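The chains carry the letters A, B, C and D, assigned in the order they are written, with residues numbered from 1 in each.
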Amino acid sequence: MHAQTVRLIHLKQVGPDCHLLKFDCPEVANQARPGQFVHLRVTAGCDPLLRRPFSVMRTNPAEGSFEVLVRVVGRGTEMLAQSQPGSEFHVLGPLGNPFELSGPEGDVVLVAGGVGVAPLIFLATALHESERHRYVRALFGAGTEDDLCCWLELSGVCDEFTAVTEDGSAGETGLVTDFLPEQLDRGAGCVYACGPRAMLAEVARQCQAAAVPCFVSLEQWMGCGVGACLGCVIPTRASGVGRYQRVCKDGPVFDAAVIDWEAMRGGCGPG
Amino acid sequence: MHAQTVRLIHLKQVGPDCHLLKFDCPEVANQARPGQFVHLRVTAGCDPLLRRPFSVMRTNPAEGSFEVLVRVVGRGTEMLAQSQPGSEFHVLGPLGNPFELSGPEGDVVLVAGGVGVAPLIFLATALHESERHRYVRALFGAGTEDDLCCWLELSGVCDEFTAVTEDGSAGETGLVTDFLPEQLDRGAGCVYACGPRAMLAEVARQCQAAAVPCFVSLEQWMGCGVGACLGCVIPTRASGVGRYQRVCKDGPVFDAAVIDWEAMRGGCGPG
Amino acid sequence: MAAGRVDLSVDLAGLRLVNPVLVASGTFGYGTEYADLVDVSKLGGIITKGITLQPREGNPPPRICETPAGMLNAIGLQNPGVEVFICDKLPALREFGIPVIVNIAGETADDYVALAARLSECEAIAALELNLSCPNVKQGGMHFGIDCALTRTVVGAVREATRLPLITKLSPNVTDIAALARAARDGGTDALSLINTLLGMNVDIRRRQPTLANVTGGLSGPAIRPVAVRMVWDVADAVDLPIVGMGGIMSAADALQFIMAGATAVAVGTANFVDPGVTGRIIKDLAVFCEEHGVARIADLIGAAHSEESR
Amino acid sequence: MAAGRVDLSVDLAGLRLVNPVLVASGTFGYGTEYADLVDVSKLGGIITKGITLQPREGNPPPRICETPAGMLNAIGLQNPGVEVFICDKLPALREFGIPVIVNIAGETADDYVALAARLSECEAIAALELNLSCPNVKQGGMHFGIDCALTRTVVGAVREATRLPLITKLSPNVTDIAALARAARDGGTDALSLINTLLGMNVDIRRRQPTLANVTGGLSGPAIRPVAVRMVWDVADAVDLPIVGMGGIMSAADALQFIMAGATAVAVGTANFVDPGVTGRIIKDLAVFCEEHGVARIADLIGAAHSEESR
């Protein structure tokens, strides 16, 4: 874990409200693992006050850089999208627990929704480059074709790739979870998912029914990002002190089976 | 008085911490009079929250632009100095009462300290261009040669110009007020001054002793800038409701004789 | 439903406001100061700077100071007194054609009564706002507003002196805002407004002295919004009176937080300094929000966050 | 005088701190969470997350929410309980070699007494901070801290149960902070710390519900600094006890405001989240300030803004 000031070296709009930001930071480039995130201070002032978490989408250890895919949803992401290459940002990272690469035998199924694709691109790249080559099938869903940001980056490192849009403007028509049953029917060693909560809950439900291990990357508003404030918790099926686990430290990747999806339904955080 | 979003069209560093900023704004360009100021919103966010007041240094009605000279003293001025041409800012102005151009007969003496030179450059330019040509003698003081920002702009529109630096790196050595007595001895119709409070108090004292009318441009922290909040007052010699007058609305130019310089000494505001 | 079709009007203790957006006392002068910049006639109403029986010169400067997302002020109720107000300020205020709510402050209960009686003789005053909460004066002001018995007494006395709608403005510098609200209700107030400023201070570390000449001042602006929303929420739970919510409102989203927490109307204060166009934008954006969310009358959103579900 | 020569040490009720910069309870975990990022051994001391007798699971999420220049939290004292704290957390805390101040919270006076007694058996605890001011739990917490008689009773009972230095943490959600300070003094506290968070809330206008599952939360961060400085000022005037000042400290300049207002030490809270390096920078900049202003001992600045001149 490092804390340092890094330089934004490149910035590219890759969708209606999506931007790819590349930072010069050898430490994160070398150490980040798929599923980990960085905690970025958007301004030196106090508006907004808190840092913003973003999953690492790609590292380039040779160049000493890493990339994040940012969707503009509010003031902090807006400021990031508007910033100039050369600007400096304070970054903490890499943070959190990565996806387990050495999951159970069998095909890997990735389920991405919107910018949730970012950590899965990193994961698919790592699987693709790993010695123990595993067959990777990806589902990537979004509202429209334009929202399928960085789909090329994902399809390029998967063995099979299915795009799904709600309006049918690209790939299959519907929700990404409509197409998960057939993937599960074909047999799968393990499912990794990242995206909106409702999507994750449905993925988790289907995987549990099919008895396929499932790992999800969750989001929650964060204070410290390092496990100190207990602000970013999500409900698990445990009780007592273990009931609420920290997304920043115990996650953001969780075994879907430990999450209390019922309690999440009340709307206990973003997305 | 206008409220609008204007574009920064040019920005130039003109001293160790001084920057000249030019904004595209026909309304202020056409309407501003020497001594008036603009109230600038430095950020669309709330850090810093309040607007910042700056005297108009120059207008260019043909181009539809106006300029302000900004000394970096804190966060707001730092942000202005760092901004990119093309950025947009919300501006209120022109605000406040201008210098009376049609002052008493006789030579005009200008006394400028540091960035206090800004409104006096505008004033000297207006006097220079006015039909009734008056003889203008200017004193401009600062710490060092480098701090004599925009002295060329001032000397170019005065009939006599004396620079004064505390360290003697340019012009005369000492405080600008050390050189006011000889100006007053030569006879003067009227003195106009802008600069640090201690300087203004001394200018006022000398002018009163010499029975020369003196007008000063004062500063105070501002809330609204338009006379509504009663936040920006300075003490005058009046008593009752008239005792405290608003820099933004009743000033920023005041007859030095009405100011309660004794009460100002306690340190009742910036400078 | 077009934005123009949304009904933004609200009923504030019998006072019909065409929209719920007022300007807060002390931040909009007597209306004329902003007349060049703001179409004042489009506001839901205007609450004037605090008026006292006698003219007041106010506190020595510095009177204000910026803080993170906020500001401190210690104006000390500088004002020309009620007679000059009536002669010089009220005629222009009336011209705007919107409800004029006059904020009054006193050092004794009798002061409040005299002010209320005098102002009740004037036409064109829509309501009185009883400032029991000014933190920046030595006598009166907040000293009433932090004591339940005093609050009840003063409100009761003023109630007898006027038939104008009475809005009591509460101080946030108390342990139990709901108790104060009940005291004002028991005194006979028609509505409540909250919050006034939080007592704060700043130290000028270079001069090793308080920055404000008055030592302490009142904190306003976005910084205090969460405290204000919480107090509106608490008071809405405690009493059945209409509330004017304020404290850090900078946008329609902020205004909606207050409305959903239980405010019938809102007042915009410090934000006027930051952006004089803010009230116009809020009024417009409130209509847009209602339209986008299928809300026919903004009044339907009052207290909406108090539904069973959220308890 | 070189910065290295400035004496930054202070005496907090007999506790010698090498510098006046502590970390505030609940914002620095049990020290280890930040150990990769911060040289914890250079801090003046560490105040741990609030500990209760029994483990607590805390409040459901969302527990935090950002506000202008601040944040709301409603953690609800999630903690593993005093026994696990002693076994699992204390040994690592001791390793930092700095004073460890343990923040304790209870639902009854007996809870506080039992906690104090149990922790007094441990080595390596420098002092106890009595959290009478947690706004986010249903029982205990702030309910003590807003009542003078209860405060005096609880402090008095704990005083009897321990010989450790006792720091009582006050709630800012009160009408008269000085009265609470006097009550804690009368109960026998050795020092005071203030402020805890201001009670606030946020409404999620899209969902028409409070943003936090707990409805209300505690406001912290730069937004509350002026309120905190004012309360430290008031308490310094009211009682003759050392004060740990906190609330929105982001820089040495902020820390100096508290010190000049009367604080002997300061605690940095929310700022740790924004910038984990903040405490190191504050310690360095305090030395630089002293050097530049010819101050040999930072202790000479305690209460400096209370000079006659400024009254």
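Heads up, the rule we're going with is that a residue touches a chain if its C-beta (ideal position, glycine included) is under 8 Å from a C-beta of that chain, and two chains touch if they have at least 3 such contacts.
Remember, it's a predicted structure, so these values are computed and weren't measured experimentally.
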{"item": "Subunit C and subunit B - chains in contact with each", "value": "A, D"}
{"item": "Graph separation of subunit A and subunit B (steps between touching chains)", "value": "1"}
{"item": "Chain pair with more C-beta contacts, A-D versus B-D", "value": "A-D"}
{"item": "Most distant chain from subunit D, judged by the mean position of its C-alpha atoms", "value": "B"}
{"item": "Centre-to-centre distance between subunit C and subunit A (centres being mean Cα positions), rounded to whole Å", "value": "45"}
{"item": "Distance from subunit D to subunit A - Cα centre to Cα centre, in angstrom", "value": "36"}
{"item": "Separation of subunit C from subunit D, taking each centre as the mean of its C-alpha atoms, in whole Å", "value": "34"}
{"item": "For subunit B, residues that touch 2 or more chains besides their own", "value": "46-48"}
{"item": "Where subunit D touches two or more other chains, by residue", "value": "68-70, 209, 221-222"}
{"item": "Chain contact topology (line, ring, star, complete or other)", "value": "complete"}
{"item": "For the subunit B and subunit C complex, residues of the former touching the latter", "value": "1, 3, 41, 46-51, 90, 92, 220-235, 239-244, 249, 263, 266-269"}
{"item": "Residues of subunit D that touch subunit B when the two form their complex", "value": "68-69"}
{"item": "Partner subunit B, residues of subunit A touching it in the complex", "value": "43, 45-48, 75, 84"}
{"item": "Interface residues, subunit B side, partner subunit D - complex", "value": "46-47"}
{"item": "Of subunit D, residues touching subunit A in the complex", "value": "26-29, 33-34, 36-37, 49, 55-58, 60-66, 68-71, 73, 75, 78-81, 207, 209, 213, 221-222, 250, 270, 272-277"}
